[in-house]
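Shared between the two complexes below is chain A, which has chain B as its partner in the first and chain C in the second.
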Partner chain A sequence: MTTEYLLQIKNIVKDYSGNRVLKGVNINIKPGEIHGLVGENGAGKSTLMNILFGMPVIHNTGGYEGDIIIDGKVANPKTPREAMDLGIGMVHQEFMLIPGFTVTENIKLNREITKSNVISRVLGPKLETLDFKSMRKDSREALDKLGMDLDEREIVEGLPVGFMQFIEIAREIDKDNLKLLVFDEPTAVLAESEADTFLKVVKKLSDLGIAILFISHRLDEIIEVTDNITVLRDGEVVSYLKTKEANVNQIAELMVGRKLDNVNTIKKAREIENKDDYILELKNVSVDMPGERVKGLNLKVRRGEILGIGGLGGQGKIGIANGIMGLYKTTGEIIKDGKKLPLNQPKEVLDAGIAFVTEDRRGVGLLLENSIEENIAISALQIKDRFIKKLAGMNIMAKKEIREYALKMIEELDIRCTGPRQLTGQLSGGNQQKVCIARALTLEPDIIMVSEPTRGIDVGAKKIVLDLLKKLNEELGMTVIITSSELAELRSISDRIAIIFEGKLEGILEPDASDVDFGLMMAGEYGKGEVS
Partner chain B sequence: MEDIKKLIQRVGYPRLIIGGFLLILCIFAAVLSIPMPALISDILTRFGMNGILVLAMVPAIQAGVGLNFALPLGIVCGLVGALVSIEFELAGFAGLIVSILIAIPLATIVGYFYGLMLNRIKGQEMTVGNYVGFSAVSGMCIFWLLAPFKSPELIWAVGGSGLRVTVSLESSIGYVLDNFLTFNIAGIQIPTGLLLFFALCCLVVWIFGRTKSGVIMRAAGANEKFATATGINVNKQRVIGVILSTVLGAIGIIVYSQSFGFLQLYNAPLYSAMPAVAAVLIGGASINKVKISHVIVGTFLFQALLVVSLPVLNVLAEGNMSEVIRTIVQNGIIIYALTRKTGGEVA
Partner chain C sequence: MDNNVKTQEVKNKNEFFEKYIFPYAVPIVFLVLCGIGFYYSGLHYTFVLNEVIGRLARNSFLVISLIIPVIAGLGLNFGIVLGAMAGQIALFFVTDYAVKGIAGLLLAFVISTPLAIIFGYLTGQVLNKSKGREMITSMILGFFANGIYQLVFLVMAGTIIPFKNKDLLLSTGVGLKNSMDLAGVRYALDDLWKIRPFTGIAVPISTLIVVGILCVALTWFLKTKLGQEMRTVGQDMHVAGVAGIDVDKTRTIAVIISTVLAAWGQIIFLQNIGTLNTYGSHEQVGLFAVASLLIGGASIKKATYGQALIGTFLFHMLFIISPMAGQNLMGDSQIGEFFRVFVAYGVIGLALLLHAWQDKNKK
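This part shows the complex of A and B:
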């Protein structure tokens, strides 16, 4: 059987322990086609790529249904090695290059050209001499194809990032059988001029007959470079478009979509009495959190509101709360109630009445080998000297008081456990999250910052956690700052939603603003649209 | 069947194996008609004399610096304390108390600086600690030679300067704790004072674990990122843990020496951390989690094994077999514990 398609992804279904992340995805790509793949975080893009590459994580979690068909033959690669043999190449987001090796050595790594010599004849091919001359020649050819004016004998270390990206591409196209090349967010690390050159190279590659699967959050790029676009949302292909007929707004709307179900209804705008009463102001704040850098953010938070912070992964939204807490190196000015907060000093921030529920529950949020009651009590014990009784001049932990309080919290927040002595490491994600929130509440803060509160927890627990935050806000007047990758969730509980793009505030939207606006802002296209 | 499985899990394989080994040795001892009361007296004494050195591991593990392989740092402080009290011709309880009172501030200072150093090499505390211990012992060899002690009890019999390799405590603090309230029951000599003092130290460490400082120190040791996010100064807590550990090491060696009857100087403290480390690990501690019960169980099993294996193996196998077996068990246990999942989550 022959087809005109090089790659057919047919009806792929994938579950992660009962959680269906891909629900029957179909994608077809012809030779020489540049195919764009867009979608929000969690739409299933990375899972799909992992399947395409036969990554172990897929097969360790029970495999998948459906077929990967290459050149009309069912391929279903089970290891990355098999995928490579099938002619699938990938340019990684983070560079997989050895800094101390030359360009040639990196391009030819593990595929070296060798000549036999006296020793290798005796002891086997592992000891053959490297044929540097032909290796250089091959590398030169690959670099020339990319239009790269770079000496192939140069050491990789110290080259600009853009060059490294091209070396990775050169390595892939140097493989003789390369048919399909996947780019995962290739321009994320490039400067603008580098990105332009890069896009030209991508076009050049497709002229060579290589099919390209292009994943990007930058919608203008997608429009510029691709032939066809597939939009993924919640594990489903929601649309397949010809690029000629598409525009940025349309894609943005498709990407975000409106996901209405019983958990996520859009919150009605609510009258805030004093709109200019700001409890927290950030001025030119930068946070050096790897992968989530904030670069000069200005943001004001109203007293008594629920402020949502959204944006795509890696744009810096997670860095904001971590920066305010002082967990990563932070510069700029943070003002609470008219007073400057000291930077990089978590204790002072906690003293000032700001509590934080981290996005990294297991790593930062909990003492996994300690009991629920200790986890709930410890912050207040440290910051507020609560749960302490004096005994012969010593501050002894008041076990009874802690036990009573923990029991109360367990009941109020509906923490499902065998009792306050259970270790938090044994709890489910949702219940761990409740313990984290309970600990933050014990501090009786004015502002509670919650990052990714529903990540990795099931739908029922999600609703409980979100309702809890709403209740805190309405009944106790606590200001809530919620950071989340799930826009629908933010729209269901926030009064205002700040969208972060490239470490800066792109804009603030009401929860009932249109999908187009949200989509554009998340892709950093909002401002540009207004200008043109 | 389920219950048995649960029991095995609770007790843990290392303790079952060592305990089983100990039981077999005891049966052999009975068969070979080695006098039991003497063995039991021996076990009790060795249990008490080593207990505090093992207890010294607790604050270090709790504070997150792992097993304190630099125990010799505390030990040399304790030795200096004891030497000074002998120099002033103090004896009995006065000598013991003065030794401890001199040793504590010394150990605090040493522990403080050692703690600062450990904060710069996070993640390699145990490797570095080992060599810090070795270096300190070697460095102190020079000190023992040059120290201006004058008492004839302390310096070489031929005169001149420099301390003896072993100093007898017969006329000073020897056996003061062992003989305090001691009594004899069915031929077993109970070193009451020694055991009481060990119990007291355990109690102090246990109570400290329940104070605010103790709770916070344990949190810092359990999860550094968590502690930072809770506004805890992790480095300070680590220094506190190291100081406490060093102080306990100093007290531990004084108690050990009074029971042993001699102060051992020069190279004697070189490997002194190893038995303590092994004991606490046998007891069930890991490099990031420890309870007082681990100290008590571990010290007992480890010392009992040594005491019983010695006469048994000497009868069964000619020569020095018991020493060889002891070394294999001790180091085997250390290897076993260090290769267990470190810093892991029990998911």
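This part shows the complex of A and C:
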């Protein structure tokens, strides 16, 4: 059976340990078509691409249902190698380049042209010598096709980022059988002028008859370059549009819009008495956190509010709290209650009354092999010398005091456990999160910063954790800064939501602002709209 | 104006420093140390030169055996101790069967190879399970293998493993003697072609040719498909994997090659020494080879045969002159002896420190 489509993705369903991330996705792409794929973080884009590329992570977690059909034949690649043989190429978000190699060596990576020699005839083809001359010639051709004026003998290290991107593309088009090229956030690392050249190249490639699947958060690009657009949300295709008929606002709304259920009700805007009383001010703060860089952020936090920090993954929202705590190298000015906070000194920050619940709960957040009570007490032991008694001149842990306190916290925060001696590693995600919060509270902070509090927690527990934060805010007057990838969650709890884009503050919205505004801000289009 | 000129000068100076001094900081420091040591040792230069040439021929092969694992990203393979053991085991049997001269040497090469391949394969498997900690793992693996080696040749030799020549065994008939005379293969390679250009200097040309062949073979190997795969794996395992290279297999092959070369290297080393310390000859092999390579300016990520040769030269130069220098400076031969040990460990520490400093400056 022949079809007009090059690639058909049919009814793909994928579970990660009971968590359904793709719920029957269908996408069809014709030869030479540029197809845009958009969606929020966690919408299932990466999972879909991993399936398409036969990544081991998919098959190690139980495979998937549905079919990948190429040229009318069921293909279902099981390894990256198979996917490559099928003519699927991928330009990765992080570059798959070897910095110490020349451009040629990178383009021909593991596809080197070899000549046989005396020894290889005896010991096998692995010992054939590389034919650098033909390799260079092929690379030159590929680079010329892209219109790249770059010496193929140059070492990749030190080249501008844009060039690296083109080298990756050159590698893909050097493969003779390339039919489909997947771009995962290709322009995220490019400067504006580079991005323009890049988009031209993409169009050129499609003229060559190569189908292109284009994943991007930059909606204007999607509109500019694609023929058709698929919008993915929560593992479902919510819309399939012809680009001619689509506009940025519409796509933004489709990306973000959510069925609001009982967990995700939008919070009513609340009157704050003293609007100019700022407890925390960030001035030109930059944080060097890999993958979540903050680049010159200005932000003011009001006393007694719940401030949500949102934005897409990799834009720097996670870096903010980590930077304030001094966990990654930070520059700029952080002012709390009119006093400058010392940078890069976690202990000083804790002393100043700021507590932090990390996004990496199981990694750095908890001592999984220790009990609940020890986990709750540990920070206070270290920082505040609480729970310590002197015995013959030595500091001894006051076990009884810790036990009493832990029991109190377990009751107050409703931590479901067998008792304070239970190991935190045995608790469910939601209860682990409560232990983390309990520990932060033990420091008696004025500000509690919570990062991704509901990541990996089931729906019921989510609500409890969020309610707990709300209670802390309302009853104890604690200022809460909550960072989350889930916009709905932020909208249900925050008084104001700051959206971060490319390491800077894109804007602050009220929780009941429209889906369109949120979508535009997250895509970095908000400011642009106002100007034009 | 004046100021501008000055900044320009400073810039030029910096550029000069960065281009010519900085990459060679480690060997330069050791060259200076050698110069100072030579001055204070009061030794005659022909003596030092003769010694250094002899040791260069003797040790280079072992040091070069470290290069391939470095290129494949495994760091410094202290596991060449296992290769050295394979070489020694081969020499036991050659001595036992009294095969003499170059024939005995070649037979030793042949016997050691399959042993070294097995040892290398096992080492490779262990190192693949401990990615990122290969250096310490290979070091401990060397200690562990030493235990097994002792068990085999103290308890099983003469009982389970038959030996024809009872002189090799301890008086009880069980276990190998502490030291073994390798009279049969002594200088078998060195004496094949040896020239004496000046009085007091003997150059074992044949051995140096073997080392030269190894260098050429290494250069050629790195230009093959397999060599390219090793370089790729060494630079970035993840990228290599995505490109479809079998990372674990490539790493294992790198370790096997290294172990086999080390076995041959140990045989070349021992034919020059002439006696085999049954339970000790292999122990320091890893340490000394690593020290030599590091002094030559290699790092745990990058190494060339040029660095191996320069490093071997400098390390052994220091080794020859430091006891005398120590004695002349401190007036005590005990201190000179202490100096020798101090130098071996000290140079590794210093070289690693200098490399760390270099890395930091690069950023």
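General observations
FYI, the second predicted complex is superposed on the first by the 531 of 532 C-alpha atoms of A that agree within 3 Å, B and C clash if a C-alpha of one lies under 4 Å from a C-alpha of the other, contacts with A are read in each partner's own complex, and residues count from 1 in each chain.
Basically, a residue touches a chain if its C-beta (ideal position, glycine included) is under 8 Å from a C-beta of that chain, and two chains touch if they have at least 3 such contacts.
Model, not experiment: these values are computed from the prediction.
Annotation for the three-chain superposition on chain A: chain B and chain C fit side by side.
Within the superposed three-chain model, A:143 lies out of touch with both chain B and chain C [touch as defined at top]. After superposition on chain A, the vertex angle at the CA centre of chain A, spanning the CA centres of chain B and chain C, is 40 degrees to the nearest 10. Shared-chain residue A:381: touches chain B; no touch with chain C.
Of the two partner chains, chain B is the only one that A:366 touches; chain C does not reach it.
Number of chain A residues touched is higher for B, counting chain B against chain C. Of the two partner chains, chain C is the only one that A:129 touches; chain B does not reach it. By the touch criterion stated above, A:520 is placed in contact with neither chain B nor chain C. Shared-chain residue A:282: touches no atom of chain B or chain C.
Of the two partner chains placed around the shared chain by superposition, chain B is the only one that A:396 touches, whereas chain C remains out of contact. The superposed arrangement places chain B and chain C with a least CA-CA distance of 5 Å. Taken together, the two complexes place no residue of chain A in contact with both chain B and chain C. Interface residues of chain A facing chain C in the complex, by the touch rule stated above, are 80-81, 84, 92, 96-101, 105, 109-110, 112, 114, 120, 125-130.
Within the complex formed with chain A, the chain B residues making contact are 207, 210-216, 219, 222-223, 225-226, 228-233, 289, 345-347.
Partner chain A is touched in their complex by these residues of chain C: 220-221, 223-226, 228-229, 231-232, 235-236, 238-240, 242-245. Every residue of chain A that touches chain B in the complex is listed here, in rising order: 325, 327, 346-351, 356, 358, 360, 362-370, 374, 378-379, 381-383, 385, 388, 394-397, 399, 423, 425-426.
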